[in-house]
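Provided herewith is a single structure, encoded as structure tokens, for subsequent inquiry.
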Amino acid sequence: MRVTLFVQCLVDSLYPEVGEAMVALFNRLGISVRVPTNQTCCGQPAFNAGHRKAAGRAAKRFITIFEDAEVIVCPSGSCVAMVRHHYPELFANDQKWLGRAARIGRKTFELSQYLVDVLGIDDVGACYPGKVTYHDSCHLLRGLGVAEQPRRLIRNIRRAELVEMNASDRCCGFGGTFAVKYPDISVAMVDEKIDNIIASGADTVTGCDISCLMNIQGRLSRIGSPVKTLHLAQLLAG
Amino acid sequence: MNTSNYQTRAITAIEDPILQAALTNLQQRLGQGAADGYQRFPEGPELRLKGHDIRMNAIDHLDILLSALVDKIEQNGGHVHFAPDARTAVDQCIAIARRHDVSMAVKGKSMLTEEIGLNPALEAAGIETVETDLGEYIVQLAGETPSHIIAPAIHKSREAVGRLFRDKLGIPYTDDPPTLTLAARQALRKKFLQADMGISGCNLACAETGHITTLSNEGNIRMATTLPRVHVAFMGMERIVADLADHDILLRLLSMGAAAQDMAGYVSYIGGPAEKGRTDGPDAFHLIIVDNGRSRILADSDFREILCCIRCGACLNMCPVYGKIGGHAYASAYSGPVGAVVTPLLTGINQASDLCLGESLCGACMPACPVNINLPRMLLLLRAKLAEGDASWNVKIQSRAEQAAFTAWSYLLRNRFLYDLFLKGAYLGQRFLPGTHTMIRRLPFAGKDWTRGRDLKRLAGRSFIQRYRSENQRRKIK
Amino acid sequence: MSTSGRVEFIENIRKALDRNDSFQRSLDDVIQKEPDTDDLRLLETIAGRDTTAGLALLDQLMEAGKRENVNVLTVMDAAAAGAAIVEIAAEKNAEWGDRKVVVAWDHPLVKRIALSTCLASLDIPVYFPDVDPVAADGQATFRRYAEEAFIGVTSADYCIAQTATLTMKSRPGQPRCASLLPSIHIAVIRLDQMLTTLKELYTLLKWNPAEQAECITRCMTFITGPSKTADIEATLVHGAHGPRELFIIVLTG
């Protein structure tokens, strides 16, 4: 039984430590891992911005690289939602690719969903001293229905205390190209998120989507806040 | 019309602490209130899915339902007018007013009449037109436009209303909402009693019985449709359900979505002028059914779903973008998530491009909608048309440069070697960008919009894939 | 004029829906024509309600009344209803003029209360609308009194316990403005006029023979609570344009 990792383009280029944490985590769990080294991007940034032809090219590449895997695990809820929900849309008029897209969607999972729902594990033997608050990423929560799984995992991290923030399910304001096309609105939204993070008393904010965390971390850094931003995988690998 | 002021107005709204507090309060009360309310339905929140089916069924049989409605209303002595566009609808209303010697009309809240520009046209034709929904009345006195479908004056503080009433109604300044409401109650009662004509919208017509229905909490629509001798009702052609059983469900969904209520304060079924032998009610009833771009939406099976909308505002009450920028940024009768879809489809996708692109696609609008409309799906489709052009909707590609960039990117992705080279180049280039060891403070070109408010993590020296590859090679050598 | 505009308008819709000319369906093809077992069961339940069931609904109404700001009063008979109305009339002030005036429906249940007699003790005149024939200026006269009135007394067709909603069709002698123009609306109903849910009302309207025969009339109104608004800073205020207080008097005897 092998898990094939799709690490996500942002993790690959900006947050490789998250990918490394995932590998370390699966090693600790005794689960064999393989990483296709020609992977790049699922196509979501293009799709969200309306560029479906470009997204289609990325999608076909993803499918070609990953479709022989037993199971694909990804640290990003939005990428998994892209594969499961939008790949069939992209290939709605292409019978050949539509079937392949449907098949791969069925075996692609976000990390916390895979651990808790598929493997039945909610305690990975992790340790992290700190007050942790969890941000519900939009696609993970509303696209995949995942909310309880990350929380169960966090509650079982030794020495970590899970503190819920107000409106944890409210969008952080990233939204892909929205963040650079409408920066004032985006920053106003992330400021509201950060107000809630700070009000929760947490010293660490975590989540299952590095794009949200990149957005939150970027603003936390700009305002000089000591709150740490860590992906769930990093907490679980600790 | 175009939405080029979207960002500027958004910034004005974001920097207005009174508006921000009002929007937060509104979303907590109504948005969360409705979400909790859906859970309390005996049928559970699944009732929303049933509502969706009912509305889609009505849209799919719109010709049949409208014909049945019109037949019954005409049998009951009502007049029905058909307006393919805004200009015709407005002209029809003015003609009716002239025919009945109308010099003053009272209005219930109707976003459709905002859409077609009714008020300015009536005023230009010499017909005094008085908004009677308190929020609309405030907005009319202030010479502004409404900023929310259900709470039009949400952007005005009590102090601002106090000053407005002092200046326009001549009452002593007060910021006490009950006192201000009482002043409006007294001022508007005179108008109701004197008005020649009452104008309303139509929340949901019922084809089986031959009635339009109107909802309010204030009682102003009842006043406007009972006291004056003429009643003119404007109806978007899609605002209809087939029968009473459908109406039961939709009425409950609408009451909850609009104001987190189990039942709206006043619901009126109106099927024509008052009958013979009655004591009160209008002598004449005119229904103006408006198309104004809806049949074009109907013809597109991808967008037909937006016609299910019952204009309750629930999506506005959940949207984190609306919650920051308020309604005026949308420059349209319809703001929030529904506005982001329906306004481009009614007025032009290129012209309203900021509405298609200016939200984060968080998806909170769909579970907020009492009839479960998949707004995110349609927003994504609108973006696709802007990005790649569309002949049937007359959409020009919005940015060839962006299209070229994504095309290049999609080919780059297919070659990991080139991709790694690109990452390497970016890594080397970023050394010149100011910031700390780990975070960039200022990005060039398009990136500068990110770094206006945020830092960005520096690209890693070696990507995850590179690290994994070399780690594997190291293991193999061992 | 309406006819030709109609043909094009509907044709446009048919084109958009991709209907071909042979596709001629009517409303009857789209809606339910016969009651199903659930409908029949519900009709039976409603018809078979006894006093105990009615009192249980009354409890629900009182709960809903608290939520919706409706004053629900329970009385044994018409005389007690009259006494309750006199108490209200004595306590409340006129809003739209100097004198206290009451308007009321010409309705069997309201007539039993003998309002004019009751309120004579307070010197309060009660005006009823003309019914068949309606005098030449009958409408205008009643309207003038309704504009001045501080209380409007009506009955209702039904009262939905779950939401404290009164439902009433427009009929001669039962003017709409009686429940709209006065500052206070008092609705007098019998216990057996109570329904549980809106669904029961709609089921009756659709499948009950008497309701089918009458149809919905030109105007049917649902009233839930007094007039209210929250348009200024989302602060709830009662008494926007309609009555600012609502009383439902339920006769249990």
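In order of appearance the chains are A, B and C, and numbering begins at 1 in each one.
Please note the rule applied: contacts are C-beta pairs under 8 Å (C-beta built on N, C-alpha and C of every residue); 3 or more make two chains touch, one makes a residue touch a chain.
Bear in mind the structure is a predicted one, so any value in this text is a computation, not a measurement.
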{"item": "Both-way neighbours, i.e. chains that touch chain C and touch chain B", "value": "none"}
{"item": "Greatest separation from chain C - chain, by CA centre", "value": "A"}
{"item": "Centre-to-centre distance between chain B and chain A (centres being mean Cα positions), rounded to whole Å", "value": "31"}
{"item": "Between chain A and chain C, centroid-to-centroid distance (C-alpha), Å", "value": "55"}
{"item": "Complex contacts: residues of chain B adjacent to chain A", "value": "7, 10-11, 14, 320-321, 324-325, 357-364, 366-367, 380, 382-388, 402-403, 406-407, 409-411, 413-414, 416, 419, 423, 426, 439, 446-447, 449-450, 452-460, 462-465, 467-469"}
{"item": "Touching residues (chain side chain A, partner chain B) in the complex", "value": "7, 11-16, 18-20, 23, 35, 37-41, 43, 45-55, 57-58, 61, 138-139, 142-143, 169-171, 173-190, 192, 214-215, 217-219, 221-222"}
{"item": "In the complex, chain C residues that touch chain B", "value": "1-2, 5-6, 8-10, 12-17, 19, 25-27, 29-32, 96, 129-132, 134, 138-139, 142-143, 146-147, 160, 162-163, 165, 170-177, 180, 198-199, 201-202, 205-206, 215-235, 237, 239-243"}
{"item": "Footprint of chain C on chain B - complex, ascending", "value": "22, 25-26, 29, 57, 60-68, 70, 74, 76, 79-82, 84, 132-135, 138, 151-154, 156-158, 161, 177-178, 180-182, 184-185, 188-189, 192-193, 207-209, 211, 217-220, 222-223, 226-227, 237, 242-245, 247-248, 251-252, 261-275, 277-281, 289, 291, 295-296, 298-299"}
